[in-house]
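Two complexes are shown next, each including chain A; its partner changes from chain B in the first to chain C in the second.
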Partner chain A sequence: MKVTFPHMGHLWICLKAMLEYLGVDTVVPPPSTRRTLDLGSKHAPEFACMPLKLNLGNFMEASEMGADTILMAGGCGPCRFGYYAQVEYEILKDLGYNYRLVVMEPPEKRISELLSRIRQITGNRSWLEVIRGIKFGYRKARAVDELEMSAMRLRPREIIPGQTDAALSAALDEIAGAGRPEDLPEAVERAEEIMRGVAWENRPAIRVGLVGEIYTLLEPFANLDIERKLGRLGVEADRSIYLSEWVNDHLFMGLVRGIRSSRLYKKSAAPYLRHFVGGHGQETLGGAVYYKNLGYDGVIQVLPFTCMPEIVAQSILPGFSRETGTPVMTLIVDEQSGDAGLVTRLEAFVDLLAEKRRGKERLA
Partner chain B sequence: MPVKIGIPRSLLYYKYFPLWKTFFEGLGAEVEVSGPTTKAVVQEGVKLCVDEACLPVKVAFGHVASLKEKVDYIFIPRLVSVSPREYICPKFLGFPDMVRNSVHGLPGIIDTNINLYRREGDLYGQFLEAASPICRNPLKVAAALRSAVGELKRFNGRVESGMLPENAFRVQEEKFPFQAENRGTVALVGHPYNIYDNYINMNLIGRLDEARVRVVTADNVPEPVVNMYAGTLSKRLFWTLGRRMVGAAYHFLDNPRIDGIIHVASFACGPDSMTGDLIERRARRAGNKPFLNLTLDEHTGEAGVVTRIEAFLDMIDMKMGVDAGVGDWGLELGVGTQNTELRTQNSELRI
Partner chain C sequence: MIGFLGLDVGSVSTNLVFLSEKGRVLESVYLRTNGRPIQAVQRGLRQIQGLLPPKTVIRGVGATGSGRNLAGIIAGADVIKNEITSHAVAANRMVPGVRTVLEIGGQDSKIIILRDGVVVDFAMNTVCAAGTGSFLDQQAARLNIEIENFGELALKSRAPVRIAGRCAVFAESDMIHKQQMGYDLPDILAGLCEALVRNYLSNVGKGKDISAPVVFQGGVAANRGMKAAFERALQTEVIIPPHFDVMGAAGAAMLARDFVSRGAPTRFKGFGAAEAGFEAGSFECGGCPNLCEVVEIREEGSVIARWGDRCGRWSVRAARENIS
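Here is the complex of A and B:
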């Protein structure tokens, strides 16, 4: 059994750690590229959202590397992600791929439901080992997220352009390279050391909050590397969803204390969107309010074309923008997205934010 | 003066109108339905709604706008779930908020949550809330709801017996509205608000009727049959309308009396992208019936639809000729009765 899974940002680092700790043979698909997306778009339904197309491409490329089992997450709607695995499986079947499919449906009541599904993959490992494996994966996720956060603070302030990104990729390698839980603390230490090596100066930066659909927020290939592009424009970005927070909210049912939770967003979304709409629609609005309250200069919503919950949020965000005076930009991505168009739009948006801030300072 | 409640002729109007109408009239209110969809309604909706929304949602915006000056309240419930452990599309969950943030000068809005996700969902409590602007008498509300639910059941019975919703709203009993003499039977699979709105689908049902084709829809298939076929999926579908569409389509594929299937989807529809694929894939694997996939949006051109329907009907004629073994087509093409190739033809061009 060679297990593969779809890419979503740096998810592979923690999934690989968890599976390999449990002795599962793992195939990490090659990073998503144009080829991945082309493969996926060719065989996926036309109006399926971009993550499905990339998933499909990932599985096809992983199969070239010998993977024979797919590990996928499930869901119970109304976002169509809950049915991804089944549709992808049917497509692969018709294309002649011989995959076995294991779907991790989210626990409805008890965390034990998730554990029993994990055991389908891990076989006869003891519960304790399985829990240790999950914990190992989670700690890696948290470490990766903290590195990303520090990269987002550093980028607009770095002295040598590009140094942050070089450091981030070296630091991520350290985390990914830690093979055993006991190696992780040292790896984290080394990774932090690498990040501390970035030369920076204290300059004021425009602050932008990224909100929207989780996959397109976490996967740099899907969002055209928006965090880096913003960083290069001198913007300090933050995003409303990090992998470790999502895992804690949705898989651990909030077991880990002391980190940001989506419950916060649900509360702050109330004046604009009073009901959950599936996916991260409500969190998108809540995130926008959250960033406005933190004094951010603007908000960018990222979503895949045809994403239903985000379309609901998108049609409500202009009202939020009008009422609060917070500039909001919407970025919709799919297989037709182009890099140059995004750069132009981001430059215009950042100019607008800078001008607005200057206006405020003149008044003050 | 009785309170006037406006109901947009859009979205789940085609499934629940008798329930809503009987309920509000039972409370002593007057019910006003927006007119049929027209070009003006679509244009108004397109103007008010975000570009990315699907055509039916834009059309619904147009209907809401057309009612806003005529009524005291517009009834746009937040339809979270109409069946245990199932949802509708996320856009239905956010629809009242979308309307509130995009349409100005609205009268009162009744946007009660209708949520039967949990089996013990309190339908009465939800309708009590919906009734609150008009009537706060619980006994009256209970009576109105009881007769409304009865009316809905009778309506569903009429639809299952083969009537189209718009006919079933008006008439109590009628013979099958289509000519009996026909060129075959075609199943229309799609969201009710796409297949029954004659403007947005370019009068698809009327055209098929004119071509002497009998039309059946997913709503004509009884729930137990739908569930039996939907049960063959590897995972339960969590969209009520999607489950109905997939279950009915699988039944149609299996049913020898159905000669072809037309799948009607809106451009960029989320659930359709998944359920449409599940249906089309199985249709292709079975390979025994012509299958047409029509995608609708506000730019759809009439000529394109007409051409594609004609081509589809030609395939039906061919197939019936081949099946009968003596048809002109069979002889003309020299394919005889054994040929299965013709049966697998699949029209997949999009308009």
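Here is the complex of A and C:
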């Protein structure tokens, strides 16, 4: 059995750690590229959203490397993603791929539901080992997230352009390379050391909160590297969803305390949206309010074309923007790879935020 | 004479303006990009030089439009600015107090909301080409009328027909249907204007607080049928500023004027840039499966800029200073 899974940002680092700790043969698909998208779009329904196309491409590329089992998240509710595992599996079957499919539906009541699904992959390992494996993966996710956060603070302040991203990629390699749980603390130490090596100066940065659909937020290939582009424009970005937070909310049912949780967003979304609308629609509104309360200059919503939950959120955001005076911009991503339009919008939005801040400072 | 140059290199047209020391547009040139932006910029430079007195001194240059980086490198621009900011600056200086800017160009359309002279909101069409100049061009060509006469004809309509404007394909099939039913040409043209305005307002203008004074600019503002359709839909007067078709270039020139007033010497390469040998080449980077097409601009044989790579391996790292 050789297990693979779709890419979503740096998800692979924590899944690989967990699976390999449990002795499962793992195939990490090549990073999502133009080729992945071409393969996926060729065989996916045209009207499906971009994540489906990239997932499909990931599985096709992983199969070339010998993968035979897919491990994928499920879900239920208005967002179509919950059904993508099955749809992708059927498409692959029609194309003649011999994959086995294991879907990790989020546990509805008890965490034991998740554990039993994981055991389908891990076989006869003891529960204690399985839990240790999950914990190892989770700790890596947390480490990755913290590195990304520090990169977002550094990018607008780095002295040598591009140094932060070079450091981030070296630091992530350290985390990914830690083979055993006992190696992780030292790897984290080395990774932090690498990040501390980035030369920076203290300059004021515009702050932008990124909200929206999880896949397009976490996957740089899908969002055309929006975090890096903002960093180059002198913007300190943050995003409403990080991998470790999502895992804690949806797979551990909030077991880990002391980190940001989607419950916070549900609460802060209340003046604008009090219902679950599928996907991360409610979190998008909640995130916007959250960033406004933290004094961020503006909010950017990112979503894949045709994403229903985010379309609901998109139609409510102008009201939020009017009432709170927080500039909001929506970016829809799809198969197009030309980024001139994106850059133009980002530059104009940053101009707007900078002008607004100057106005405030004049009054103060 | 002393003044400033603005260049707006768009997908369809390339515009240049010459701005006086006081900030007034004195000369402008409007030409087709024809998919060859380098040649368009060089032709534009030659043409505007021909319109200016021989001893004109250029104090500053601004570039905008989707080809702004290219234009900026060829001419030696002091300011390289996105087209939204440039359009807003020009509208605000020509129509002080403007609160809404409607801009429809050849390949895109945008709305800009200003309050007290500051941009507070904007949107660009993202997923739809219906409602841009090229669609009007195409329909005019299909009906065998000059695009210049489109607006006048539309104004003759007394009962515009209803045409679906949500999608260029729907609109076209609807128009053909109406034309075969025997409707009058002016009624069909006016109906098309109304459809495009509806599409624009519900797509680009969605959720935006549109209030007067409203300015309409971009190449499509030449179409009086479109102006009338906007006025009917918004129930307010729509102002078409002088130089409505070169507002992006005017804004870029104004920004260049602001910039050099802080004492910086211009980077303008001189009108000789029109004769220099620029070459654009591209190659596929094999560093990863993204296979980015990297564009390389050479001046007299040596590389002066590269872009098009996702990872930044090739591009000249000059982005940050261009923005601030």
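The working rule: the second predicted complex is superposed on the first by the 363 of 364 C-alpha atoms of A that agree within 3 Å, B and C clash if a C-alpha of one lies under 4 Å from a C-alpha of the other, contacts with A are read in each partner's own complex, and residues count from 1 in each chain.
As a convention for this text, a residue touches a chain if its C-beta (ideal position, glycine included) is under 8 Å from a C-beta of that chain, and two chains touch if they have at least 3 such contacts.
Quantities reported herein were computed from a predicted structural model and do not represent experimental measurements.
K.L.:
Where does A:80 make contact in the superposed view: on chain B (first), on chain C (second), on both, or on neither?
P.N.:
first
K.L.:
Figure out whether A:165 sits in contact with chain B (first) or chain C (second), or with both, or with neither.
P.N.:
In the superposition, A:165 touches chain C alone.
K.L.:
Looking at the overlay, what does A:344 touch: chain B (first), chain C (second), both, or neither?
P.N.:
It touches chain C, and chain B stays clear.
K.L.:
Once chain A of both complexes is superposed, is A:120 in touch with chain B (first), chain C (second), both, or neither?
P.N.:
After superposition on chain A, A:120 lies in contact with neither partner.
K.L.:
Quick one: is A:309 in contact with chain B, with chain C, with both, or with neither? Answer first, second, both or neither.
P.N.:
Only chain B; A:309 stays clear of chain C.
K.L.:
Quick one: is A:318 in contact with chain B, with chain C, with both, or with neither? Answer first, second, both or neither.
P.N.:
A:318: touches chain B and chain C.
K.L.:
Identify the partner contact of A:352: answer first if only chain B is touched, second if only chain C is, both if each is, neither if none is.
P.N.:
second
K.L.:
Could you tell me if A:293 is touching chain B, chain C, both of them or neither one (first, second, both, neither)?
P.N.:
Neither partner.
K.L.:
In the overlaid three-chain picture, which partner chain does A:112 touch, first (chain B) or second (chain C), both, or neither?
P.N.:
Neither chain B nor chain C is touched by A:112.
K.L.:
Per the definitions at the top, what is the overlap between the chain A residues touching chain B and those touching chain C?
P.N.:
On chain A, the overlap between the chain B and chain C contacts is residues 305, 315, 318, 332.
K.L.:
What residues of chain B sit close enough to touch chain A in their complex?
P.N.:
Chain B reaches chain A through residues 49-50, 52-53, 78, 80, 85-91, 93-95, 97-98, 101-102, 113, 233-235, 237-239, 265, 267-274, 276-278, 281, 285.
K.L.:
Can you tell me which positions in chain A touch chain B when the two form their complex?
P.N.:
45-49, 74, 76-80, 82-83, 85-87, 89-91, 94, 103, 272-279, 281, 305-309, 311-316, 318-319, 332
K.L.:
Quick one: which bits of chain C touch chain A in the complex? Just the residue numbers, please.
P.N.:
Within the complex, chain C contacts chain A at residues 66, 81-85, 108, 118-124, 126-127, 206-209, 288-291, 310, 312, 317, 319-320, 323-324.
K.L.:
Once bound in the complex, which stretches of chain A touch chain C?
P.N.:
Touching chain C: residues 30-31, 33-36, 161-162, 165, 225, 228, 232-234, 305, 315, 317-318, 321-322, 327, 329, 331-332, 334, 340-341, 343-345, 347-352, 355-356, 359 of chain A.
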